[in-house]
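Letters A, B, C and D mark the chains in the order given here, with residues in each chain numbered from 1 onward.
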Amino acid sequence: MVDKLNTVLITEEPLSVESLYQQVQVPEAGGNCLFVGTVRNENKGKTVTHLEFESYIPMALKEMDKIAQSAQNKFELQLCAIGHRVGTCKLGEIAVIIACSSKHRKQAFEACQFAIDELKKHVPIWKKEFLQDGSYWVNSRP
Amino acid sequence: MVDKLNTVLITEEPLSVESLYQQVQVPEAGGNCLFVGTVRNENKGKTVTHLEFESYIPMALKEMDKIAQSAQNKFELQLCAIGHRVGTCKLGEIAVIIACSSKHRKQAFEACQFAIDELKKHVPIWKKEFLQDGSYWVNSRP
Amino acid sequence: MKVRCFGIAREIIGSDELIVDPNAAQSVEELRKLIIQTYPEFEKYSSFMISVDFEYAKDSFQLTGKEEIAIIPPVSGG
Amino acid sequence: MKVRCFGIAREIIGSDELIVDPNAAQSVEELRKLIIQTYPEFEKYSSFMISVDFEYAKDSFQLTGKEEIAIIPPVSGG
């Protein structure tokens, strides 16, 4: 029996790959998949200088928890951990980490992809992209 | 232009998730996928006490390098890092890590799955599984 | 009744909170119409959802005025 | 000529190195047959590949006796 719980967190501090990995470790797990989303220097041909993330935190944590549970049930995961950054994110910094542990690797991969797809669709977090010639809220342009 | 190279390593020391993640970080990458294979406490209903890995190291590194390059070309990765443990591995310890960085997440996931599948097929590393009632070389039983 | 505003909604409205007369918005649908009427920029810049007590709410949801309500523009986390 | 032995091959042969007369194994195919003849346990326990100079080699590969050769039982890394 797993006595650890899924982890969801939203933080203004840098996210740690090692820490999220540790959150999903249990003796029953053999396959662990992590997705790490980082701030890229370019988007659609424009140079990005940095990002800002805003979140409706209590609702976002609730949605992240639903995704973690749903990934766990759907793919028979051992554990799922989801962390997202808010505030200013510099180039190369981590915006999001998903960690999934499973007995076998196939399910860990599938669950990890499912969780990041769901997060991008449903979790109330908003990204403002800062380019050299201005800034805009992603997904909200005319 | 990427001025870092793919990383392949075989070590008797514990592998670090954080370290392999850092090996594939470049400003062009936004999607990073890691697979971490750990020593599970059970296999096919039997209790596992520990594992031992043996490798033909120079050939294994050559094969791992081919896999990293092939993943990089096939999925337009930024970088690929592959690390494998040799010697005695306790329960919960990391046997293998694959890290792939890409502009977009889809390719990072696909490349990471490709690389671990290829590693399990072609890299000259042998796992001896120690159960409570004996030990055997995986894939070489009658 | 207070409506929390995030992202582009916060910028369009110019505040992180919008005060709405509960009689003018007795359902999520009415609240949505009121917001678009008052801030026509929403039509141009962004569609949005409404959350009630930290859950996405359907248009038919009836409001009592005691819920925690928020405007949820298209999300873009990750 | 020396043949390196790993995993189950090392245990069947009882050594991490097998010494073979180069005249008795002028190709990978001949080497493979010689190994199975000398150690019939391979038939029971494990199929194997032969590597030459750190690459998997086809049966038709001609050996000069100067290559680095190894017996590669079914791999099981990861």
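Just so we're on the same page, contacts are C-beta pairs under 8 Å (C-beta built on N, C-alpha and C of every residue); 3 or more make two chains touch, one makes a residue touch a chain.
No experiment lies behind these values; they were computed from the predicted model shown.
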Minimum number of chain-to-chain contact steps, chain A to chain D: 2
Centroid comparison with chain B (C-alpha atoms), farthest chain: C
Whole-Å gap between the CA centroids of chain B and chain D: 26
Chain C-chain D separation of Cα centroids, rounded to whole Å: 72
Contacts with 2+ other chains: residues of chain B: 37, 116
Pairwise chain contacts, counting only pairs that touch as defined: A-B, A-C, B-D
Residue numbers on chain A that touch chain B, as the complex places them: 16-18, 21, 25, 27-42, 91-92, 103, 105, 108-109, 112-113, 116
Chain D-touching residues of chain B, taken from the complex the two chains share: 37, 53-56, 58-60, 62, 84, 95-96, 116, 119-128, 137-142
Touch list for chain C against partner chain A, complex: 4, 6-8, 10-11, 44-46, 51, 54-56, 70, 72-78
